[in-house]
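You will see chain A twice below: alongside chain B first, and alongside chain C after that.
Up next is the complex of A and B:
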């Protein structure tokens, strides 16, 4: 297991470096100089010599590879650049916006896993019957539903029409503010998990050792929960890890719908204000989190299924 | 010959036996028809209202889906929006497939350092959540529908590379490929004639699902104000505009959203059906 962890960590390094490189190149493709972007577009352009001195002062005149290495060095020390819009370090802004997004991702992820696994098992155990069809319709609808539209529908029903729940804001994480965004973001995720759980469960239930378990007279409950479920959930874990990217993407839209002050909202705002250091910083941060989540998923998988380690 | 016909008939029969494939095909065909016949089907001009006095009309006989804040017919705009969404789906998947198949075949066939570079680039791309990467590209290129094509096309290829590369790796050591090589076929011929066709069934499934994903992503980007710009009737931007008036005029938001949902559902169903039909493992399960 130790070798496997070490190998996966080493494999992760080029990916992490690649992520910073891609983000860096992308942000340096933007037309216009870094100084002109900080200026109000309606203002008169700076005299050329002033702009040149400012560029020099902020180190924008160095060749690109040198600037990338400097950027990488700073990033390793936790400095992702400086945002002129907030007049603040990007790392600090990102960390400030992190808790709301983590909270939302956590609640909707938990809801999705519980609901998805439950419905998936239910569907598999009632294969071809009404409960199965119901959860499959639930799954298909969830996979096709635009998350922002679903959020607006929920908001319309529960906030505008019924007035039960607040329509927007995060209320410092109060439960009533959390319900609608959690439902909006969690539903699509739950739908995918339900579908995977169902097919994985069906596959396991047709295995020989389940037949053996049944034929030795174990109760159905014992067979399902003790023998089938554990093995059926292993592929589900991989899918959950892989779908975290989808969850993070969905969070951007959900945060916009519900004016949720998280990372996604920060990213969209920064794009609209052409605040490129913040865009670059939050992109790299989210990508790192995503890669780490995938690493944890892989390790969990290897821990649960020893066959993976020896491949 | 007879066997060929039987094989085809078997495929058709399995297709007809598959409800999601049928529903998906019907939905997608209807959407294509709507997109092609949009000028004939739309009751009003999707870009200009006859009169501002028609603003915020609830659904009626004259305006079946109501009107938006500028008095434009929502039904006509939803109908014309079909063109945008389907174009996005096709163009984006076209770019992703071209890049993905080319790089995937290349990496899988030649292995070595070419493969190392392509596989590492693919892994890096997998490190970015899709929509966030598209957002970053749009932030560089600027908002607009054409830039969304590019952004989503650049996001979609890694998954195709992974699929095609894996298939190529497993196919290229098969007897018939080695026989082709021994008999003097060129590498290009082998790749296009012997390996590519074997990769296509799973790629087809992936591409169908990918169209659904691209349509959802475009809607999301347009909803954020980064995709199609006014007055283009993109479903996502219609929802973004309508959201502010959800209290007075929920229909402005409801119908374009339903259109996205139905379109994405259609492609997902079709993809599901195709997967069940083309995946031999599932076929045997169905027969059982």
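Up next is the complex of A and C:
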């Protein structure tokens, strides 16, 4: 088991290098220099010597391969570089965005899992009846509603109309600020989980061993929660694993609508500002989380299915 | 085994629930923080997103300047509504030797936010910091023309010879030549005074925990969320009337609207979509100004077909600009006559623009030999006020006189770089200069032709240089107006509109200004807030 984890961790290294290399190449292929992004568009173009000095100051004069190798060497020593946009260490910038990002990912992820699994089971147990239809319509709506639109609806209802909740900002993590973004982000995710849980549950419920369990006189509760659910959860875990990484890095739309100071917004803004060091730094972090979540997902399989063994 | 696993699941579930409901704080009943409403704290949008860095010499963008202008004071400032120069820490100044030697008399009651009195030496330090190549400030050109700056920059001198403290409260600056724009440059926060001890102690962190001498003191900054400033009790002009200001970083216009309507935002800068919605609604207060942004289509003046001024004039005559502003921008724009905005103190009300006259346009095109029509590639962003929607709207007008536009969409960074490299025929963009009319028009000086429109006219160069060297304001304005008339005649651009900047604000706020330099650069000492319940 520990061997397995260690091996997966080592495998992570080429993934991280690959990601930063691709990002580095792409960012340098995109026309547009960092300097043009630093200036106010209205200001007269910079005198050539000032611009040359800026380029040198921020290390843009080295040839590309050298720049990448420098970045890699520094990153291995824990230095993610210096952002010319913020005039600050990238590690500080990324760390500042972590608490809001993790918090929102956690609450919306938890909401989605609890709600999604619950509705999925409900639908499967009442297959073809009204509760099933209700759950699935709920799921369909969640999967098809764009998150920014749903977010704005929530905002106008709960903030503007009713005045119950703040419309935006993260309020240093206060519950009132959390509710709307959690609902907006968690709903779509819950819908996906509900659909997977339902179909997986239905499949498992028609298995022979469930019939056996029932015929030996176990209570329905025991059959469903002890025997069916555990096996039905494996595909659900796969879906959750795939989505959690996205919650941490890709909640850009939710973060934009609710002015949530998270990592997704930082990443997108930095791309727009050609702030390569910050893009690289955020990407390394995001990639790290993705790989880690995948690992945890795989380990969870073993917990749910004793037949799974890690070599 | 069975109970163990079940226990684990149960614990995970309970843990999740606790975190779901308990994360982050006790304020379940949603009482607003007193900092957010009432108490005289002005809550506004941070108009250009997160300010990124609050060291006044680090960033050249307005997003930072709107905040730093409240934190840092310099020798002089801009009168917000006219962009004219007003005293700040220098109460007066004498200009000697035909405009090349400035002697500033500093007040003796100005102190930094850390309590230390400000002396002329602090300005000497701050100006050297701005010019120091090691700091690579994109704004160091504000001091261009100071005696000894060149030598200091290239390392031939330890200090700038032209900047000297004559005594604790007298500062002398010598210029190589008279420069009518010099004081205007000094009025921006980049030329503000900073305390050496704090700068040295904080290093790069100074940009994230700034200490200045302006009317407001830095309090707190949560990146991408908000910046809080508090009134400075010991400000030399007296403590500001409001207790503080909170700049909230909100990207979405719809979110700003929602926060405004629910009473959590006192003021924000409204885009065209919001302006259109509320402009006729008497319940909502708006302040408008023709901002120093000239939206235009620029022509490459050395490439066919725009190397012929008649084609450029035809382009200007072909479009019904006012209709475009009304329909596409919902009236959020002031039709441009020349390049210099109508809110500038040097604007010439008698300047003739290009009235909508398609027949004249056709005649001009025929005279220039393009009677069979021309095809013009145009670079455009997707900006709603100076991008693709505008290009699409003017295409039928241009088609009618024989000009076919071929739009190429890209983001503004790419557009800017291609504009500079010369790889274009035409582009649509929004540019300006700064507060001073000579600086504003300088992009048409041959010196910058290779990075702008490739427009070059020795007469314009001469007029602008003389205006820059003028020691008398009236003379300077007359020269600027003559240069502007020549530029308008040569039409290196399609004069589209000056941005109509709109601040939408709550009733309880009084004293917001129509600031043409940039609506975001508010003088917050003029504000008062009715602190009763909203």
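Keep in mind that, in the parts below, the second predicted complex is superposed on the first by the 245 of 311 C-alpha atoms of A that agree within 3 Å, B and C clash if a C-alpha of one lies under 4 Å from a C-alpha of the other, contacts with A are read in each partner's own complex, and residues count from 1 in each chain.
Here is the rule we go by: a contact is a pair of C-beta atoms (placed from the backbone, for glycine too) under 8 Å apart; a residue touches a chain by one contact, two chains touch by 3 or more.
Remember, predicted model here, so these are calculated numbers, not experimental data.
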| item | value |
| --- | --- |
| Touching partner for A:256 - first (chain B), second (chain C), both, neither | both |
| Residues of chain A touched, compared between chain B and chain C (which is higher) | C |
| First (chain B), second (chain C), both or neither touched by A:305 | neither |
| Touched partner set for A:79, first chain B, second chain C, both or neither | neither |
| Touching partner for A:97 - first (chain B), second (chain C), both, neither | second |
| First, second, both or neither for A:58, with chain B first and chain C second | second |
| Which superposed partner A:160 touches (first chain B, second chain C, both, neither) | both |
| Touching partner for A:272 - first (chain B), second (chain C), both, neither | both |
| Which of chain B and chain C A:152 touches, first, second, both or neither | both |
| Chain B versus chain C as contact partner of A:19, first or second or both or neither | first |
| Overlap of chain C and chain B interfaces on chain A (superposed complexes) | 30, 152, 155-156, 160, 256-257, 272, 274 |
| Interface residues, chain B side, partner chain A - complex | 20, 120-121, 123-133, 135-140, 212, 216, 219-220, 223-226, 236, 239, 243, 246-247, 250, 253-254, 257, 260-261, 264-265, 268-269, 272 |
| Chain C - residues contacting chain A, complex | 5, 8, 13, 16-17, 19-25, 27-28, 30, 32-33, 49-50, 52-53, 55, 58-62, 65, 133, 136, 138, 140-141, 144, 153, 204, 207-208, 222-226, 248-252, 254-255, 258-259, 261-264, 292-293, 410-414, 416-418, 420, 429-434, 439, 442-443, 448, 451-452 |
| For the chain A and chain B complex, residues of the former touching the latter | 14-16, 18-19, 21-23, 26-27, 29-30, 140-141, 143-149, 152-153, 155-156, 160, 244-246, 248-250, 252-253, 256-257, 267-268, 270-272, 274, 276, 279-280, 283, 286-287, 290-291 |
| Chain C contact footprint on chain A (complex, rising order) | 30-33, 35-47, 49-50, 53-54, 56-58, 85-89, 93, 96-97, 100, 103, 106-107, 110-111, 113-114, 152, 155-156, 159-160, 163-176, 178, 256-259, 261-262, 265-266, 269, 272, 274, 303 |
